[in-house]
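Everything on this sheet refers to the single structure shown next.
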Amino acid sequence: MNVWLDAILILVVILGLFIVASTRLGTMIKIFSWQSLLLGCVPFLMYAQNMEFYIIIVSLVAIVLRGLIMPYFLFWAIRHVSIRTEIRPFIGLGATLLLSGLSIVSSFLLASKLVFPISISSDMLIPSSFSLIIMGFLLLVGRTKAISQVVGYLVLENGIFLFAILLLRKMPLLVEMGILLDLFIAAVVMGIVVNHISAEFNNTDTTALATLKD
Amino acid sequence: MALLLISLSILIISSLLILLFCRSKEISACVFLWSLVAACGFGLWSALSVLCQKAMSLPLTGVDFRVHGTIPLGEFYIGIDALSAFFLLLFFILSLAAGIYGYGYLRDYTGQRNTGVHFALYHLLIIVITLVLVAKNAVLFLVAWEIMTFVSYFLITFYNESESVRKAGYLYLISTHVGVFCLLVMFLIMGAQAGSMNFDQMTATQFPLALAALLFMLAFVGFGIKAGFIPFHIWLPHAHPAAPTHISALLSGVVVKLGIYGLMRVMAIVKDFPLWCGVLLLIMAAISGVGGVLYALGQHEIKKLLAYHSIENIGIITLGLGIGMIGHAYHQETVAFIGYAGALLHTFNHAVFKGLLFLSAGSVIHCTHTGDMDHMGGLFKLLPWTGHLFLIGSLSICGLPLFNGFISEWLVYRALLEGVFHLDVFGIIFSSLAIVALALVGGLAALCFTKAFGVIFLGSNKSSEGHQGKEGRLSNIDIKEGDLMLRGPMILLAAICLWGGLFPANMVYFAFQGTQAITGLQIPFVLKEAVINPLLSATRVLSFGGVIFSVLALVRDFLVLHYPVRLTETWSCGYVKLSHRMQYTASSFARPILKIFRSALVFRVEGKISKEYFPAWTSLKSSVKDVSESLLFRPLFYVIKKFSRKLKWIQSGHTQTYILYVFLFLVILLVWKLI
Amino acid sequence: MHILLLLHLTILFVFPPLLLGIIGKTKAFFAGRIGPPLLQPYFDIFKLMHKESVYSVTTNWIFMAAPMVSTAAILAAGTLMPLADFKPPIQFWGDMVLFVYLFALARFVIVLAALDTGSSLEGMGASREATFGCLSEITMFLNLTILALLSRSLSLSEIFLGGLSSSWLQVGPVLILVVVSFFLILLVENSRVPIDDPETHLELTMIHEVIVLDHSGIDLAYVLYGKAVKLFLFASMLVSVIITFRVHDFLIDTAFFFFELIVFAVLIGIVESTMARLRLNKVPYLLFSAFIFSIFGFTVILVRGGH
Amino acid sequence: MLIFLLFFPLVTGGLVFVLREQESRNRMLLFTALLHSACVFSFWKFTPAVSLNGFLGLDALGLLVLSVISILFLMVSFYLMGYFKGESDISHRIFITFLLFFLSFMTLVTLSRHFGLLLIGIEATTLCSVPLINFVKTRQSIEATWKFLTICLVGIALALLGTYFLAVSGIDNVQSLFIDKLLDHAKELSLPWLKMSVIFLLIGCGTKMGLAPMHTWLPDAHSQAPSPVSALLSGCLLNCAFLSILRVGQVCHAAGQTQFFSSMFILLGIISLGVAYVFILGQEDYKRLFAYSSVEHMGILAIGIGLGGIGIYGALLHMINNAFTKGIAFLVTGNLYKQYHSKKASEVRGVLRSYPITGIFLLAAFLAVSAVPPFGTFISELMILYAAVAGHHYWVVFFYSLFLALIFMGIADIVLKMTNSYESPARGPQGCPMNATVSQPPKESLSMVLPILFLIVLVLILGVYIPPFLDDILQKAAGLLGGGR
């Protein structure tokens, strides 16, 4: 079972790398969708021995919200945008990839320092969560298109979700669902604002969004 | 105490009344005047009743008034000890005089601003200054102190149409407010040490010497900014000319003195300072005194000149304080007592004669519509009252015998000379240097006031042709003496100057009372006698001089009756067409001395002198640059501004950068705290 | 006792113009002339009293009062100064400050009177007088401080009547420095050569003479008289510093004192005859050197521990 | 009771969305605000019971913040009556709806006794404020909204991660994120994870609170939002974030890690002061000026909490003072904007003469913001300084005083020019707006004056008198963090 879990985690991280490496917005969203679906499967594998009802619910909700609705919504948001590629990111693709690689290494290092108080099913889980978070940051910092930043934020969220899976049993359902819903709405609001931006500025390039400064 | 509370409540009620009636100019002014007189009367009464206390139970206290803990740390706790009473005395006298003058000054003000609000603010200022003087809780003190700063800011910027007034006000505000931070820290350190913010507990606490030194430095900067010690004085020469006259008088007479009061209060609380603190104070005092008067010499604007003289006199006061501290550090209490008493007395005297000078200068400006001395001259005939009063003020400020300035300078000299007798070599060096500085200050002040008085009131008028009739005189219609409301306060102050000079015993006694409050020690009766008796002898010398003077005058009168007297033009030594423009101006009068001191000053003469044989016109202009302003504070401000401009890139406008900050700071914290 | 006081006052009032006469005589002698009689200053003053007074229309009462005030102030200062063995009528702890300040008062009013005329030349003189006066004042104070330190007294009468008697033996060189410094100050304060020439008639270079240019008649007489008293007081002060030796015989001491004063006047006359006037802009240097002399002396005292 | 307080604004918000008349919507808003404050005031007398399985509860800290929010919200809703007069906009409906939602979620933050719920509340307030900030829908406001959203969401994501770390740290014994339980078992938490969690929560909530260097969204959002919203953001939202950090601080204190927590908090505070100085000096936009002043005051709060002891009491007092002060400041800028139609300080001149009431208010705002007595801010800043002095943190004392002095210089320069100057090249001789269409300069309506006046009086009273009941609660709240007078 652990082999499967590890495989999925590795796949998730590699998909993250793909997102970081891609320039086309559509591709990014698609890959993100796959990544989310895979993440949704992790709880099933982890808690296969003692499956509980609400774990299933949380996973299903996550799969539906992140893997299906969110990508659909993002596609809706970029429908009116003519430019669909990331032309001139702040940090170049090569550099981003390199940094992502570094982030993976450092996440493993960091995770090895932090001892998890109880035993967990896979020691890959925490490092991959950290690397997803850092990749999310890289996207947020390095990209100029608003949509890619939204995707970056979502990747970051995925990383956090991955970590949250560890605690799935310890958190009350209400809170877990609330957080999931909140994050979902956050992404939706971001999408709406992106739509506003594209309506007002005719593209979603955030370099135009730098008039407010000192 | 009850009297003081009555006075305060009169002020509060009347200021509200003034605000209520501020639409009607007459009513508000009337309320202002009478409430002022009443409040100051009660205030003076309360101050005098404390000062006249015979019972010498130490520490000298009046009755306290206390409202328990309304806010954390602070409480409304006031009480009059002799030190407070002494300052209250001078404060109420001056605020009465300045207030009445202000009433007369603003009565025919026809500008757009509401004088009622101004009057109400004036009352508010009196209230908060009183609170500063009687506060026995540090927080109350600071609160009153801050409010005073802001209220006086609004009073200063009464004529805020002009850019320079606004700038002056801003400068005043920021420099004093920066000083407040030093005071905050200082009082908090004291409070933390004593475990209470009440002065009583602080006084009872012993402070280690190192801490005392730190406290002293903080007090020195914090109160020094208010008092106008020389590197920190930059606001002073700007604020005084900007303010309306009666406010400048109050500013120079009282607000600046509060810095001195604060220092004395700190001395009363901490008591034992390391020796070098006193030495530092003495050195800075000498620099302030000499520097202040030198800058004053370079000024051509009368109020600016007076403002710099405030710095000079603060220097003299601080000389007294400094020698007092040194004496205390050497355990030579005689020196300390006389030094403190001299400082206190000079504080009082300076308030009186500087108030007088500012008020009369205000009258001059009021009449001539200019503050530039080089455009005045010959006003003695046109403004006889103002002229005589200004003369009395000048004689007093120069510390010449007959007037009160002499008495206090004599005390300071006395303290310094006693220092020469009682201290060791180190102390002798500093006290004798201080004597030299004081002598120099005295001489220069005399030079400066002969210049000021001579150029303004004597000779004939020097203003440009457009301003005057064909004969080179101002037409007399232009210039009219102010009425009793303007003259009365000045006469009052002048009378005090003369009284203080001829009958010094009372004031010296009061100053000793204040000194006891500072040192917390009983002054031996013998010492008091040893100080007061010489002063009485000095009065005898003066009366002898008066007798000689009257004899000479009688002889002269007799002779003048018998031999002819002729009136002509001034003898021009054979030159023809001696014009009034050829008189010595303020600039030319001060030039020799400024040239001598040019290494210590930035003294500039700019001008064009034609090289032809018959030059059609030449022009010369001399100016003295304020070193600490132009070389210290302007660059500092510039650096501060530049620094902030240099860092503006932080807020670049790019969301990406912002997120990077968050990330980087996260990493920094992780690295700092976890590795 | 009262007789002594009266004598003191009499000397103070009567003797001063004679010094001027002696100086004049000495100068005449060096110039190879007979010169005016010794009592000429008295005659001058008397003559001026009977002259017509001329006043400028620009002047005020200050102009008229100034000579009287300054003379009165100087005479009042004289009441603090011990002459020979005569104790001054008034003495108190710290009277030296008053002494100096009375001179300052005298100068103050005279300068104001000069400015009162509105003449540019008198303004010039006033400016110079005030400038040099304030510079000499600091040296004056420093010297007095030294003397006070040596005699451990703040009263002129105690300083000059015996306070310094042992100091010549202990710190003689210092006193020489002080004396030199005092002498320079005397020259400046009384506008003698080499600072100012009382007999010059070139207005641009004058100091004291130009100030009183507009005074005439009785006023000028007072000015002259006051000047003489001032010179007398300075001279007697200097003499008291130099000669502290007393035989404690009233008559001998007094006579000796007068003799010293006369010698001193002759000395001034010699200086005036042998030296040229300094350029005006060099005068401050002279004052500074006086100051430095006394600083030097002061340092020596501190090092020696003579106090 | 607590549930009612929570859901009542939600319900009325929904109602408002349906209502057609602007007038009735306004009335509904005011009614809700009044009822909310009434409830909150009743809490001072009767402590409400814990409800919703212990998820909701009210302790002293929560009560303080809740009261501040309630009062400020009441004032703002009163102010809005005048503010919206003459501006009928379609988005008005959405605006008021979200305003009420905003209130509800802020209440949630103060009431929640569970870290997860707390975070949900914080996130929800962020989301609700988006339409509020983006009210005018200009390019700049969209930009500001975008920045606000992105940065705050990132921050909250980090805070979320921090919360998870907190859960991890107690995974083998506490097994819960209930605040009370965590406090009870704080000593047993796993230390490295606790530290990680504190750092992440500090950064995350610090972003929301506007502590430098995570403050970057703040000036943009405050300057672009309508002034009443800025007042709410500055006075309420920041305090909610502050409260959540205090919750973390509570846990840290209970776990004996006060030093760890406070050193970081002091650092953040000093950086905030420094940043505020840099940007306040020579600031051109008066709303940004006050926004940076918010950064400054958040820094002061952070320092106060970090110093501990009396500093905590001071910081809590300062939180109240600052909220009201910021309310004054931003509501005044609302008046100014209505009168001058410009946010540039250089185009606003001679306010004291043209609009005396606004001018006096502006001065009061300036004095209160720069902690001049007798405004309450003075006392609270004094207490914080006292804590620094008493604790011998002389470097803190130095930087604190230095930056405050410099900031005062900056604010005084700008504000005094606005109130006092009379000539301005771009404007008429009297400093009136040159805009020719506005022949009669609009005077302040009563509803735009009274709330500000009320707040000013409130801050003034706090400066001279702290009533015993408030003192009591402040003591209690400070005691929760290990402080007191």
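Some notes on this structure:
Letters A, B, C and D mark the chains as written, and numbering starts fresh at 1 in each.
We adopt the following convention: contacts are C-beta pairs under 8 Å (C-beta built on N, C-alpha and C of every residue); 3 or more make two chains touch, one makes a residue touch a chain.
Predicted, not measured: the structure shown is a model, and the values here were computed from it.
Any chain that touches subunit A and also touches subunit B is listed here: D. Summed over C-beta pairs in contact, the chain pair with the top total is B-C. For the pair subunit B and subunit D, the distance between C-alpha centroids works out to 44 Å.
Remark: subunit A and subunit C have CA centroids separated by 99 Å (rounded to whole angstrom). We define each chain's centre as the mean of its Cα atoms; on that basis subunit B and subunit C are separated by 35 Å. Inter-chain spacing, taken between the CA centroids of subunit C and subunit D, is 77 Å. Within subunit A, contacts with two or more other chains are made by residues 113, 137, 140, 149, 206, 209-212, 214. Multi-chain contact residues, meaning those touching two or more other chains, do not occur anywhere in subunit C. Residues of subunit D in contact with two or more other chains: 146-147, 150, 154, 192, 196, 219, 279. Two chains count as a pair here when they touch; such pairs are A-B, A-D, B-C, B-D. On the side of subunit D, the complex with subunit A involves touching residues 55, 114, 116-117, 119-120, 123-124, 126-127, 130, 134, 137, 139-140, 142-147, 149-150, 153-154, 156-157, 160-161, 164, 167-169, 171-172, 175-177, 190, 192-193, 196, 219-220, 223-224, 279, 283, 288.
Interface residues of subunit A facing subunit D in the complex, by the touch rule stated above, are 113-118, 133, 137, 140, 146, 149, 153, 156-157, 160, 163-164, 166-167, 170-172, 174-176, 178-179, 182-183, 185-186, 189-190, 193, 196-197, 200-201, 206, 209-212, 214. Touching subunit D in their complex are the following residues of subunit B: 70-74, 112, 139, 142-143, 146-147, 150, 157, 160-161, 166, 169-170, 173-174, 177-178, 181-182, 184-185, 188-189, 191-192, 640-641, 643-645, 647-648, 650-651, 655, 657-659, 661-662, 665-666, 669-670, 673-674.
In the complex of the two chains, the subunit D residues touching subunit B come out as 146-147, 150-151, 154-155, 158, 192, 195-196, 199-200, 202-203, 207, 213-214, 216-217, 219, 260, 264, 275, 277-279, 281-282, 310, 313-314, 317, 353, 367, 372-374, 378-379, 382-383, 385-386, 389-390, 397, 401-402, 404-406, 408-410, 412-413, 416-417, 420-422, 463-466, 471, 485. Subunit B makes touch with subunit C in their complex at residues 377-378, 380-381, 391, 395, 398-402, 406, 409-410, 413-414, 417, 420-421, 425, 428-429, 432, 435-436, 438-440, 442-444, 446-447, 449-451, 453-455, 458-460, 530, 533-534, 537-538, 540-542, 544-546, 548-549, 552-553, 555-556, 559-560, 563-573, 578, 580, 582-584, 588-593, 596.
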